[in-house]
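Quick heads-up: structures coming right below.
There are two complexes below, and they share subunit A, which is joined by subunit B in the first and by subunit C in the second.
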Partner chain A sequence: MGEAALVNEALAEPVLRVRGFCKRYRRRSAVEGVDLTCARGEIYGLIGPDGAGKSSLMKALAGVLAFEAGRIEVFGVNIDSERAAEKVKDRIGFMPQGLGLNLYPELTVEENVDFFAQLRQVPAPALAERKQRLLKITRLAAFRARPMKQLSGGMKQKLGLVCTLIHEPALLILDEPTTGVDPVSRRDFWAILTGLLRERGITALISTAYLDEASRFHRLSLLYQGRLLDQGTPEQILARTPGSLIEFEAMDAGRILSRLRETFAQVEGYGARMRVFVPGCEPAQAKIAVTRALDGQFKAPLRSAEPELEDAFIALLNERGLVADDTRLRLPTDPGPVSDHQGQAVIEARGLCRDFGDFRAVDQVSFRVRRGGIFGLLGANGAGKTTVIKLLTGILHPSDGSGRVADADMRGAGQTIKARIGYMSQAFSLYQDLSALENIRLYAGIYGLDRKTTAERTAWVIAMAGLGGFENTLAGQLPLGVRQRLALGCALVHRPRVLFLDEPTSGVDPIGRRRFWEILFHLSRRDGVTILLTTHYMSEAEHCDQLALMHAGRIVADASPQAMILALQAEAGQLLELEVERPLEALALLEHRFEGVGLFGRRIHLFASSPDAAEATIRTLMQGAGIRLTALRARTPAMEDVFVYRVLALERGQGAP
Partner chain B sequence: MKLARVRTIACKEWREILRDRLFFTTAFVVPLLIMLVLGYGLSLDVENIPFAVVDHDRSALSRDYVHRFSDSRYFDFRGYATSERALDPLLADSRIRLALIIPAQFQERLLADRPVAVQALIDGIFPFRAQTTKGYLSAINGQLNRELLSDYLARTRGLTPERAAELISPVRLQQRYLYNQAIESDWSMASGLLTLVLMVSPAFLTALGVVREKESGSIYNIYASTVSRGEFILGKLTPYVGVSAFNILIVWWVATEAFGAPFKGDPLFFFLASLIYVICTAGIGLLVSILVRTQVAAVLVTMVITFIPAMLYSGLLVPLESMGPAARSEAYLFPPVYFLQIAWGSFLKGLGIDALWFQVAVLAGYAALLWTVGLFAFSKRPRR
Partner chain C sequence: MTSPRSLPMGLWWRRLWVMTAKELLQLSRDPVLLIIIAWFFTADIYIIGSGVSMELRNATLRVIDADHSAASRELIHRFRPPHFRLQGEIFAHQEGTRLLDAGESMLVLEIPAHFERDLQAGRSVDVQLQVDTSNTVLGTLATGYASRIVAGFSEDRVRRELGLTDQQLAAVPRIEERQRVWYNPNQTDPWFMAISELMTVVTMLSLMLPAAATVREKERGTIEQLMVSPLSPFQILFPKVIAMTLAILGGTAVAVFLILIPVFQIPIKGSLGLFFAITAVYVLATSGLGLFIATLSRNLGQVSMLVIVVLLPMLLLSGSWTPPEAMPEPLRAAMVISPLYYYIELGYGILLKGAGLDVLWDSLLGLAVLGSVIFSFGVWRFRRQLG
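And then the complex of A and B:
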């Protein structure tokens, strides 16, 4: 029997069945009419940006949130009251959103696990056995006696998972378990989940804001502002949103981008690489359309590439007219600063260190950023990214090392630096109860701009950030994407030469993120503003000219994204993607033969130093086990692969566990 | 009800109280601080009233008159002012609270057996203090009048000074203060402050303890598990009641040792009555925690609904008898009134269960009511 048939049979008696689910908070509607069915043994994804309604739905399914309309059945029990919910709670493991926030910081790792086990009345012998096994596979066994508050973000998340699994639930409901977690821990997380799926046939409902994680799920639902956009397997969703992705390299990126944007809604520039999604077209037609739009101004080979789920997601939003703010950006040019010279380092860090007590948050960090460059600091929560920004902006003093920002030493010239830089913090640093206009004027006042310049710059910010129509709206009431651009505008009001952005795109939907990157690209290319930003979205990293991967306070790699990917391919080999029947069995066979073997929904990824020999080995193995191999192809590794490889190599070098 | 789960939750809570420095402080240090700060700071005794004098007479008798005030422990002589005008800034800046103006010919007229008028200017901003000041003034002034009168009688009727003194005060008032013989307001205040401390501290601990879990999201561990509401509430609140039981002993000790208040009642009765009070006030914290979602809101709400009844409506600062009928019936709605009667009864009057059973019963009723409402209002499947 094929797996499809198995799923169909399982769907006849689903673990979860949701019909017309609606959730309102006071008068605000959070979820409207969601239907969803999840079969036993499925890893089901809920994907969407902040405010999509993922958490509300998950809480309702876990029986911890009452809702207004619709019907939810879990294990065949209609969850319509607290009493009904109690009936299924012993079979559910629920992990709420927030990295380790549901754990008890003062308790040790072991005490946390014991608490959850005793709440669930796990008998002592079973607890001892499970605790040992789970702490071992999460590599937390060495930290049993450590208070939870002293764990890193990734460790907290894994401990949360252990605590959720300790009573061996048949259904896991995990709310954004991978947000802000370092890629290595994230990979561990998926490996553990795969193991559970294989050994115990659990069912898991998992939400994520990362669209690039979609391929990890068997099936998924795309949510946006409380509505269901589409659902099915990743392949089905891609197939239902026809379109082609065209890529090419261009030198004069800025001009070509604005030209293409006149015709196409989904255009992005990654450095010199252009990426255009043409909806509803075959690749050949799409190439013709792009060539026509370029109007003969540009002659270079166009490539077609496989669209990703994010392209489909945005196409769906555009198609349904669901885009929250559809202001078209008119990017004005700025006379810009004059004194800098192309090629000179505008930001320079030399051996920066910063200790907090015994804890070294930043360890020997060095890098250089040239004028007009976009430099990305990529890393998990707690890797030290924010501290580096605070050191460079003079908010914190380094314990060791030095740095220069815009021709000023950051140690001695705090005020000088501050006048030359713009800084946008994680929380967007806006005054929620002031209007957009008042916020801009306030920042102009803080930087001491005169009346004439203030008027000039205010107009510039409003045009640049597409705030037309929102001038008198309170900042707290702006849509997230607009608020983020307002914060950017406020950071730019005094025409700084250097811009520091701390997780500027966190929680913003993909369209908002793309708009934001459009502006950043424009600022760096046209106005020569040097940009340093931090992000934990691996997929965003490719927008940067230069990247530094940060892990545990250190920089583990520093190069352009393309160079990093090439270096990875040279060292680790080619990334291969397999489509097989019975992927779990195939995974077990391949795991010990190859590096970096991982399950992505029904597909398997692995690294092979010589692809041809590997292919032969794989075919032999599959044939021996009677597993049909339906496809085998090479893939370009993602930034996440680079990160995981570098960190693991570093840990191996140190002999760490 | 599974006792093992109650114990699990109680153990976890206990560990957190001990290990979280901020929470530990809230649990053990704050009650002590309230007791000490308010015990020392909130003395209702009016003493050392600063005063100045304008003496237009500058005679032996006028100086003697001033000495009668400056020698008393109730007044603090700050010096002579040259004129009435010079008094204004002193009074306005609160450097003095009382001014005496002695007219010219003070001595001359008194010796001539003619009346004189001395003017007293009293700062009336705080009526209680002004009233008390006036009382002291009249007493000292009356004493002088009686002396002058007995002198006159002795002189004119040829009586002995003792006989003259008897004649002018034929009815002597023999007064004795019961329960607090020295009328030390410290005694009453210290024992009364137990009412405040044991109202505020358990309520705060409970409200913060539960809301903190709501804020961090760890409450979902409880919501999502099969732990019943009763098990959770019992497990969660037991350590707070335990901490508060310990605090009863601490503040009791402070009241008797640091403030010297006598304890005349039955210690076991008082401890058990206090325990019931603490269970009742922990119930107030439980209700607050169900209503609010953030720790900031919990602090504000708990502050308002515990401090105000315990300070203003308990009879601690303002006697119930001097409240209007509306305020008085309001006061009887809050538990502190009853506990204050127990505290003063136990400390100062030496009363026991036979006299105070009604107050204890009311508190027990409150405790049962608050916990029951808490149990039903707590939801493992809330609307938000």
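And then the complex of A and C:
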């Protein structure tokens, strides 16, 4: 196996060696005793949610952050002083966190590249050659003269990468390069990055908050709250956390979910689809356990599926007792009416348009959301999702079209609508210098609740968000997950009928995200709150009852997740997953033969209209090239496959980058 | 909605109150802002009030005395502290020029040879005084003081020459200058400077604080949260102005009762209540300008720079640096639109002259009209920007 060779090489000649790294900010400990070693040519991942300590570790490695204890060696140089750091800095490329934050918005693409080249004293002929090559690979060549601030999120990130690579570093340190980037741009970014690294033999240390990106790494470390949970290849980590994933469909999702939660810690519902992770069990045993937990209340075929790293991550947290006891939700019951799914439309958009100067950000958008439904707006960065939310919430006025929100007309009844909706932005817009309680009471006051209702609702929000013990903590000092639930609570304090959420889960750890979704389900199913949200997490999109895919300001698909997956299968064929020895070579061979070929770590996904014929072709191709095919199986496409396939098709149709 | 619907008016006021309380709470949690406010209303006013003087103090003087006589020494010693400080004697013309060029001396007094002999012979004599007037105010003052000293010297010489007694002198008809100073009888500069600084501080903070509070909501994204709530733009903005006005009035009270009255012993002639009332009106007016600044800025840094851009012309047009009468005609006309001009008229009028509304009503009216125009403009800009 190439993997074994890599690991051996790692021990022989490490590019990075970290021992017992500790970092404190004032009295707060950010990282406690992390060890890791990174071999030449390796893509090493640091995975963990916000506050795991990824950025601190990466800054220290790049020589821009002092640390309290431990030893860091980069290219064999012990980084114990600023002078030592200077010795290796010219061989390191560091891209800090934040979309395009290291770039200059007013400068053009080319000026940005030139600036970084001059900073690194790249000679002119070398600069000309590298600039041409890198801009071509990243498909930014056509935008040389465009100011950086006018690029889309994905393009900014690629330009950041070009600027980081312009001095041909031997070690690349990228801090969350894909956060806030849509799935298509993320894939594109990874494809370019892996290609470049392989070609130049560059070692890379990359952090991410997306656990589904884990398969992109040769090896990785799972971090949580400054501590190392596990490290190794993705396969090793999965193997060390045994367990089985059981899936099934159930109509009465809410009741089944709460029943299963009494027995299992990791239960999720994606619409009608239930997903249970049973730790430490073989699939057969797991099925028996689930059947027993359901206690004959429900009869349907149970399927076993492969657990993903996110399941392992949460299982690890549970196993180590790192999950606080109150994580299990005890949602306060609310005397609200039960949802009726057949009800009339609560949100209705009819031909909404919005222009900014010459640019049409939202173009003829129409959709309906029924009472108690969860509606997801998907799309690449800049597709117009946030603008749609701003139109419906009355922050922006439409240039054309009309709509109804919570039984009131968008144009005539702005104030009525505002009193009936709740809104939460991606920034979790709380007043950081006010305590949790003060934030809740402020919004209660703004919405004009009387004293008695304020007390009731405050108690409800505190119970719902699990804020007990945090009541008098300043919002800015709350852990991210708690802050997110507090923001949700503030948006719900006046019992809105409609809830708008703009990327409500960005940066929150998987447990926090799951918990957040449980609350959303509760609201939608029990209280009949209609929810409209946007997200970049495609696994979350599957939780929605209905999805609309936006591209360039238009809605290009509007259906349930299941219907979207079925439509994709009908159109593109069966999704096949391949495990091969030299995935990049295999990818190049397959790309011309099949539709929707994409790399997921070392696995390849592709679509085939006739799976049997495809399998034969694949085997012949691999044999011809001398590439060992270790596994080939049919898979149900996930929302991410749908999203990538659709958006890529649209972009090809447009001839846009 | 489950909440019983309160009277619309009651709800309106309640929202205003809730938002104002929030602003005050946020202000009380911001130690840096609190320190800034405390500094400006105490230490800053004290330093400016006691440090800056319009009098000539310690002007450095060197002498070229070619005569070395009793008369020359008498003249030299009339250049006395605290106005002048004699640095000593030099012996060459060029040395004097060099010292003036280098800024080491401000004045060089040159007394010719035979100064005393010529005086005794009844011939008139010239003395030369070279003055560095790169600072016009100080230069003019120094020249004025010096000519008074020389005039006094020659008057005394004349009296001695003629041997006149005081009675005889009284019989000589001459115009005697006797000044009677109103409002600030001892002409103590601290009175003027401290009040003027207080007004400058009030101006700066009422531009800065509401603008900072507004732009902070923009930066944090909380403004969107407020925009989707049933608050009107006025209900979002006005509480900031109320809260900051209260903070500034509090600061003004500290400045008046801890600095102006006890330290500088300014006798407050008029009604302090009236003074605080017009300060409130003035702060409301100026914070409208601050809100306008907030609509132009994306962050706090831009707010600070724009505040400077607005503050300097306001000070220039206020009449606190230059009296209105001394300004060119277009600038004098422009003063009508500077709220600080009215505030200074009103402030000095009340504090030092003891004037009441019967005298100052026109300034107050001007301020109120200007204030409502500016404030409505600020809210309008804000509404348009987010609408």
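Definition applied: the second predicted complex is superposed on the first by the 624 of 657 C-alpha atoms of A that agree within 3 Å, B and C clash if a C-alpha of one lies under 4 Å from a C-alpha of the other, contacts with A are read in each partner's own complex, and residues count from 1 in each chain.
We adopt the following convention: a residue touches a chain if its C-beta (ideal position, glycine included) is under 8 Å from a C-beta of that chain, and two chains touch if they have at least 3 such contacts.
Note that the structure is a prediction, hence the values are computed from the model and not measured.
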So, after the overlay on subunit A, do subunit B and subunit C clash or fit? They clash
**Request:** Considering only the touch criterion stated at the top, classify A:A62 as touching first (subunit B), second (subunit C), both, or neither.
**Result:** first
Practice task
Considering only touches as defined above, state whether A:R19 meets subunit B (first), subunit C (second), both or neither.
Solution key: neither
If we overlay the two complexes on their shared chain A, which of subunit B and subunit C does A:E106 touch? Say first, second, both or neither. first
Query raised in the report: So, A:D433: does it touch subunit B (first), subunit C (second), both, or neither?
Result: second
| message | On the A-aligned overlay, A:Q121 touches which partner chain: subunit B = first, subunit C = second, or both, or neither? | response | first
* Which partner does A:K89 reach: the first (subunit B), the second (subunit C), both, or neither? -> first
Given the options 61-69, 115-123, 223-231 or 313-321, the segment of subunit C that clashes with subunit B spans residues 313-321
Going through subunit A, the residues touched by subunit B and also by subunit C turn out to be none
Within their complex, subunit B touches subunit A through residues 2, 4-5, 8-9, 12, 15-16, 19-20, 216-218, 220-227, 379-384
The subunit A residues in contact with subunit C across the complex are 393-395, 397, 415, 418-421, 423-425, 427, 429-434, 438, 442-443, 445-450, 453, 474, 490-491, 494-495, 500
Counting only contacts in the complex, subunit C reaches subunit A at residues 1-4, 6, 11, 14-15, 17-19, 22, 25-26, 29-30, 220-222, 224-231, 386-387
Note: in the complex, subunit A contacts subunit B through residues 25, 59, 62-66, 81-82, 85-86, 89-90, 92-94, 96-98, 101-107, 111, 115-116, 118-121, 147, 163
